[in-house]
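One chain, subunit A, appears in both complexes that follow, with subunit B as partner in the first and subunit C in the second.
After this line comes the complex of A and B, so read on.
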C-alpha cells in the first residue's frame, strides 16, 4: 500500500525510475479516454499526466489566459520546468477546451524552454458522441494512433498484443473492483484515501507490477478488521483530482469515510473490464468512448445520474460532496443538476468550488465539509451505528 | 430575480421594445425629439439605428419580427428550438421550426437595456450554473429558465467546434427544462474528406432528430427555396465584403453587426435578403456621393476583431469606433465562407458551395455551411493548424489592410482564452499589433465600458496607431 501512496504523491516515482533505467519508453497522456492498452501492447509505459508537486504558476499563466482551470496550467508549469522531460511521447485530447489547448500552449512553450517537447507529440481527437459515426470516428482515431506509434517507436502492435494488453489491464480492473467492494460494504476495510491512491497508481505503474501489488494488498485487506468510527458514508464526485489529500481532508478527524467516488482518476475509469472476446480495437473504443461517464459526453446526463444513484444505493452513501475546479463549467453545471435531482430524493449534497494543486484553500474546504458532515449527523440514512 | 422583472414575458417585452423603436422615424422631427426624452436609457441604441438610415430601421423591425415569430410559434403549431448562433437557421425554416438563439437574444438585451442582461444572467447562477459560464447564453437563457419566455420545445447545439461553455449551457437548459437535446459534433479538422463526411452524417442524424420531434418530414422544395435565398444573400454579402476592403470603406462599423446578426436569425429568409439589399444600397449611395462611412469623417485606422465585438449598453463600442475614425473590418462572426469570397481563395479548403441538384446535395450544402459558422470553423482545432484561427486572421488582416487585431470575448470563452496569448504572440511576430480586451462582451460588470475604452485608447496610443 505504501508504494501506491508513494506513486500517487510523486511525478517521478520509483517504478518509473526503474522502467526508464531499462531504457524503455514512456508516453504521457492527459485524459481517461486514451486507451492505455495500446501503449502497453507496444512495450511502452503509458502514464496519466498529473499536475502534482507544482510550486508556482509563472509558466502556466504565461501561455494560458486568466480564465482557465488550474489543472492544465499545473501540467504546463511542470512541463515547462522540465518535470516531464523523461517522457518520450505525449498524447493530448480534447477532454475539455482547457485541456485541448494544452496542445498549443505546450508547443509554444517549447519555443521558449528547450527540450520540453517529446519526440512523439500527438493530438488524439476524441468525439463528443459515441453512437454511429461518432464511434466510427473514434475507432479510426485509435487506428491512426496505433499507426503513428508503430511508425515513431518502430514497433508492431498486433491484435494479439492488444488482446494480451486488454487481459493484463482487465486483471487489474477486476482486482480493483473486488477491493472496491471491500470499501463500499457496510463494514469497510479500506479507506477512501487508500483506495484513491491505489487507482491513481494504476495510471502510472507498469501494469504487471501494479497487478502484483494489488494482489498482495487485497490479500492483506482480506485479513483486516473493519474500519473504525465510520458513521458518515460519503461519495465524492466532480472535476479532475489526483490528490488523495482531498479525500484525506474529508476522512481526517471526522467520523466520515469516502466509500464511493465518481472521479476521472478513480475507479470510474478503472473499475470496468474491456470486452475480451470482441475485436480488440472495437472493444477498446466501446470501453473508452461508449462507456465514458465524463460530462464532456454531452446529452448523457440522465445516464450519469443513473450511475450515481446506483452507486449511492450500492455503497449506502449518506451524502454526496460535489467539487469543481474554478472555470470547470462542465462539472460545475452538472453538479448543480445532480444536486437538484439528488436532493429531491432526500440525498444531502454539498457543492464546492476549489483550485487544483496544493491544498491552498484547505481551511475553507475543511470548514464547509465539517458543516456538511454535521448536517448529515442530524438525519443520516445509511450509516451504521458503530 | 426581482419580482418586477418577472411580471413581463421576456419575448413580448423585447419584441415590443424593438417594434416600437422601429416606428420612431415615422414621426416628425419634433415628435422624435420628444419621444427620445421618454426613453433616456434606450435612446442611445434607437438613435444609432435610426441614424443608420433605412437598414438600421429595418433591422430593428426584423428583430422585432424574430421575437414575434417566437411568440406566435405555438399558436401556429410550430416547435421552438433553442439553438446557437453557430447553427444555421436555414434548416429550421425549411422544417417550420422557430429558432431561438440565446447568444443573439442576449446581445440584443445587453444593448437595449440600461441594466443589460444582468438580472437574467444572475438567475442562471441562482439555479446552479457556474458564474464562470459564458454570459452570451446566460443572459437570455435566464429568462427561459425562470419561465418568463415562451416554452422551448427542443434544444440543439454544436460541440466542440464551439467552446465547451457554449455547449454546456445548452445541455444545462435541456436538462433543467427537461427538453429533448441534440448536439452537432465537430472534429478538429476542416476541409478534409474525413471530416466532411462526418459533418454530413451528423447533419443527417440531426434531421432525423428534428423530424422525430416535429412529426414532420423535411420539405426539400422548401429547403431549395431557402437555399436559393441564401444564394442571393451570399452574393450581396460578397458585394458588401468588397466595399469593406476599400480604403476608406463606405461600410460603417455597425453594418457588420447587422450583417451577422441578420444571418444568425434569418439566413435563407427573404427578410434578411431585404436587409442586405438596404445595407448594400446605402453603402453604394455613400460611395457614389463620396460621403465617408465614419461619422468622424476621415478613416484613421482599420481594425480586425479576431473574435467577437462588444455589445453592452448603448452599443458603446461601435460609437467609439465611429468617434475615433476606426473602420471595422469585421470579426469572426462576419464572414460566411462562401466559395467565391476573396478570403476563401486565401484559405484553401475553407469554403462551401451551394448545390441544389438533389436532396442529398442540399443537405450536404447545409452541413458544410454549418461547419463554417463562427467558432465552428476556425477554432475547432489547434489555432495554428492549416486554415484555422491564425491562418484566417492573417489572411483577413492582409486582405482588409488592417492596422491591428483586437481580441474581445467573455471570460466564459474557455476555448479562446486557452490559446489567445500564444496566438497573439504569433500575430505580433508578423508585425501586426494585437490587443487583448479583458472585458465581457455581454456584461459591463466584469469591466466597465469606461475602463475598456481607456485600455483601447492606451493600446492605440502606446502602439502609435492613433
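After this line comes the complex of A and C, so read on.
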C-alpha cells in the first residue's frame, strides 16, 4: 500500500525510475479515454500525466491566460519546467477544449523552452459521440495511433500482443473491483484515500508490477478488521482529481468515508473488464468510448445519472460531494443537473468549486465539507468529544 | 445546573458567550489576534469575567469559526455554517433563511424547523460581499465601519460603483472623494454594492419564510434596507442579542443540547 501512496504522490516515482533505468520507453497521455493497452502491447510504459507538485503558474499562465481550468495549466507548467523531460512520447486528446489546447500551448512553449517536446508528440482525436459513426471514427483513430507508434518506436503491435495486454489489464481491473467491493460494503475495510491512491498508481505503474502489488494488498485487506467510526458514507464526483489529498480532506477528523466515486482517475473505467473474446481494437474502442461516463460525451446525461444512482444505492451513500475545477464547464454544468435530480430524490448534495493543484483551498473547502457532513448528521448528536 | 460556552474565532472578530439554562449570562467580543488560540482564550476569558465565572465552571464548550480546531479548552468543534444556523434559530425561532455576513465570508442558509442547515451557499475567495469590503471602504472614507449605515441614510444621489472587486472599488471611491462627491453618497454607493453582491448569493438558496441577518454587517441599516429591496423580502431584526454573536450563540446552544441529551441518556 505504501508503494501506491508513494506513486500517487510524486511524478518521478520508483517504478518509473526502474523502468527508465532499463532504457525502456515511456509515453504520457492526458485522458482516461486513451487505451493504455496499446502501449503496453508495444513494450512502452503508458503513464497518465498529472499536475501534482506544481509550485507556480508562470508558464501555465503565459500560454493559457487566466480564465481557464488549472489542470492543463499545471501540466504545461510542469512540462515547461522540464518535469516531464523523461517521457519519450506524449498523446494529447480533446477531453475538453482546455485539454485540446494543451496541444497548441505545449508546441508553442516548445519554441521557448528547450527539449520539452518529446520525439513522439501525437494528437489523438476522441469523438464526442459513441453512436455508430462515432464508434467507427474512434476505431479508425486507434488504428492510426497504432500505426504511428509502430512507425516511431519501430515495433509491431499484433492482435496477439494486444489481446495479451487486454488480459493483463483486465487482471488489474478485476482485482480493483474486488477491492472496491471491500470498500463499498456495509463494513468497509479500506479507506477512500487508500483506494484512490491505488487507482492512481494503476495509471502510472508497469501493469505486471501493479497487478502483483494489488494481489498482495488484497490478501492483506482480507485479514483487516472493518474500519471504525464510518458513519457518513460519501460519494465524490466531478472534475479531474489525481490527488488523494482531496479525499483525505473529507475523511480526516470526521466520521465520514468516501465509499464511492465517479472520477476519471478513479475506479469508474477500471472497474469493468474489456471484452476478451471480441476483436481487440473494437473491444478497446467499446470500452474506452462506449460507456460515455464523462460529461464530454454528448447526449448521455440520463445514462450518467443512472450510473450515479446505481452506485449510490449499491454503496449505501448518505451524501454526494460534487466538485468542479473553476472554469470547467463540463462538470460545472453537469454537477448542477445532478444536484437538482439527486436532491429531488432526497439525496443530499454539496457542490464545490475549487482550484486544481496543491491544496490551496483547504480551509475554505474543509469548512463547506464539515458543514455538509453536519447536515448529514441530522438527528444525531453533535459531539463525541475530542 | 450546567454552564456551557460557545466560542467563535472569526477572521476579523472573535466572540464568546456563556449560557446557563439556555440563557446568555456573559458574552465578549474582541478584534481577532494573529493567533486563533490567543483570540479564543481572550474571548472566553472576557465572557467568563462578564458572567463572574471561571473556566472550571464550564461543563461543555463548542468552538467554531476559522480557528475552531485551535481552541485548547473546547470539547468539540462545529463548522460556523451549522453554528450560525443554530444561533439564528435561537435569536429568532421563526427564522427559515439566514444571511450571515462575516469578516471574510458571506453565507446564505435555509433552515429546517430545528435550526438545522438544509442548504447553504458561501462566497468564494473574494472579499466583495464581506465585512472586509465595508471595512476597507470605511477606512478610505476615514470613518468607523459602524458609521457607514447611518451615513448612507443622508444620501441624496448615491454613486454607483462600477466594480464590486474590493481593490477596484477602493480606487473608485478615492476618485469620487477627490472629485468632491458628498461622502454620504459614496457611503450609500458602497452599501448598495455590498447588498447587490450579497443578494446574488442569497438568491441561490431561494430565500423564504422569515429572513434573519447575522454577523456584524446586520447592524448596517444601509445594507439591510437595500438588500430588502433587492430580495423583495423583509429582513427581521435579531432583538434577543447582538446578531454578530450568532455563531458563538449557536455553538453554545449546541453545547447545551449535547449535555442535556447526555443527561437524558444516562
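Please note the rule applied: the second predicted complex is superposed on the first by the 378 of 386 C-alpha atoms of A that agree within 3 Å, B and C clash if a C-alpha of one lies under 4 Å from a C-alpha of the other, contacts with A are read in each partner's own complex, and residues count from 1 in each chain.
To be clear about the criterion, a contact is a pair of C-beta atoms (placed from the backbone, for glycine too) under 8 Å apart; a residue touches a chain by one contact, two chains touch by 3 or more.
Keep in mind that what you see is a predicted model, and the values were worked out from it rather than measured.
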Contacts of A:96 with subunit B and subunit C, given as first, second, both or neither: first
Subunit B versus subunit C as contact partner of A:64, first or second or both or neither: first
Which superposed partner A:333 touches (first subunit B, second subunit C, both, neither): first
Touched partner set for A:321, first subunit B, second subunit C, both or neither: neither
Touched subunit A residues, subunit B compared with subunit C: B
First, second, both or neither for A:190, with subunit B first and subunit C second: neither
Which of subunit B and subunit C A:123 touches, first, second, both or neither: first
First (subunit B), second (subunit C), both or neither touched by A:133: first
Residues on subunit A lying within both footprints (that of subunit B and that of subunit C): 353
In the complex with subunit B, residue positions of subunit A that touch it: 62-68, 72, 94, 96-98, 100-101, 103-105, 108, 123, 125, 127-129, 132-134, 137, 140, 295-296, 298-299, 301-302, 324, 326-327, 329-330, 332-333, 335-337, 339-340, 353
Residues on subunit A engaged by subunit C in the complex (per definition of touch): 253, 353, 361, 363-364, 367-368, 370-371, 374-375, 378, 381-386
Residues on subunit C engaged by subunit A in the complex (per definition of touch): 60, 62, 66, 69, 74-82, 116-118, 120, 122, 124-125, 254, 257-258, 261
Subunit B residues touching subunit A - in the complex, by the definition given at the top: 127-130, 132-133, 157, 159-160, 163-165, 167-169, 171-172, 174-176, 181-183, 185, 187-189, 194, 198, 201-202, 205, 381-384, 411-423, 425-426, 438
